[in-house]
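Chain IDs A, B, C and D follow the sequence of writing; residue 1 opens each chain.
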């Protein structure tokens, strides 16, 4: 179970990191069912990243994997190439989505979008670490 | 302009009202572009209301009208009957979406979903009043 | 939690009822996240009912209500009229979807489609009773 | 013709193989029309693989080819590159979908998703062999 309070704690940590990185972000949290618990768009963050942050979180829970790792397997010639066409366009295959685990079990995920892949990943990691 | 801080203030007021009403809610805020600024799903709120809260907010800004009022004009025989089929299914025509105005200008909207039409409307109004 | 074994028990009971009613059905089970656990199309059941059965189950969990009851509130002039346009067309507002509850908590749902509203409801009820 | 009984036999064989492989899977069967006959999600299988299993089965019947073979022709530079954008996102171009044939004719397909490409393929093959 991920409560709204959990989600807010994770988002706060991610926001703080985004501030340090100097890049405004969209940050989204989903629960074990892949359904949105909370989302924030920091002032100035990209509008196109709303959907991406939510779907990075969905993707990370949908396959219990970071979107970065999934992306490595979803390149041309890779075993999952083409997976980005599934699930009605909800599968994101670049960095910024990380599963949230409790006692070794995935119970949700965070998705971050708004900067470079590296920045998104850093911010998502900071959020995941606070869970 | 609606900042994330504005959105959080509005959401906090709506959440408090939802607590008083005794019904957990999905609450969403969009900006002048109709794009999501923030969303929360209170613990126990319906999963099907995530999309509805976001789209009630979108609808209220899209037409600068409450979804309740739009709904009155969107009944069979009404002047806007069928409008719910437009905008790729994003138009909600029942209570819970209210424009957020600054100096007489609509700059965003709140959308609430999770209870009866009356409850959603009350909670959205509490949020709008806090803007 | 709904296990695949749970889903199969519910489906078996629904199938048996469908046999008694004399109408082949699509039967679908979703979990607490609204995600599909199992689906069967009985021989001769309508192809168009595949999607409907899955989405009736989704709808019942999405709002913790039977689709029959939701439908009563989603008629023109009703408090939820227009809800069928939300959630990307996944909301079904006619009989055949029933929540599955454990210790008073909704943990999933069954959706049945293939006959009249009354038949769908009967078959879904038989399934829900076996949970 | 694929009956529900056929589908269940194929699924049972695939499930058994998935158990041996040690990876829970989503398994879907479609008929000659490409329409779903049955689907199961084994306990613990990925939520994102529900859609993929169903659509691997659809793809295999849609083109009377394994998704693995189709994928080889759908890489950048290949003759079918871009095919994954067709059919409203229902075309899967990685291993796990296999046509089901009777007397040399394709009458349906199995789609499996939940593990590596190799695992999915093995499990799908075990199912197809049981047809």
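Heads up, the rule we're going with is that a residue touches a chain if its C-beta (ideal position, glycine included) is under 8 Å from a C-beta of that chain, and two chains touch if they have at least 3 such contacts.
The shown structure was predicted, so the numbers you read here are calculated from the model rather than taken from an experiment.
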From chain D, the most remote chain by mean C-alpha position: B
Where does the A-B interface recur among C-D, B-C or A-C, taking recurrence as more than half of the contact pairs being identical by residue number? C-D
Calculate how many whole Å lie between the centre of chain B and the centre of chain D, each centre taken as the average of the chain's C-alpha atoms. 41
Determine the centre-to-centre distance between chain C and chain D, using the mean Cα coordinates as centres, and give it in whole Å. 25
Using Cα averages as centroids, what's the distance between chain A and chain D in whole Å? 28
Residues of chain B touching 2+ other chains? 47
Quick one: do these chains touch in a line, a ring, a star, all-to-all (complete), or other? other
Contact footprint of chain B on chain C as seen in their complex: 33-34, 58-59, 61-64, 76-77, 79-83, 85-89, 91
Spell out the residues on chain B that touch chain C in their complex, using ranges where they run on. 46-49, 51-52, 55, 71, 74-76, 84-85, 89, 91-95, 116-118
The chain C residues in contact with chain A across the complex are 31-35, 88
Can you list the chain A residues touching chain B in their complex? 3-4, 7, 33, 35-43, 47, 50
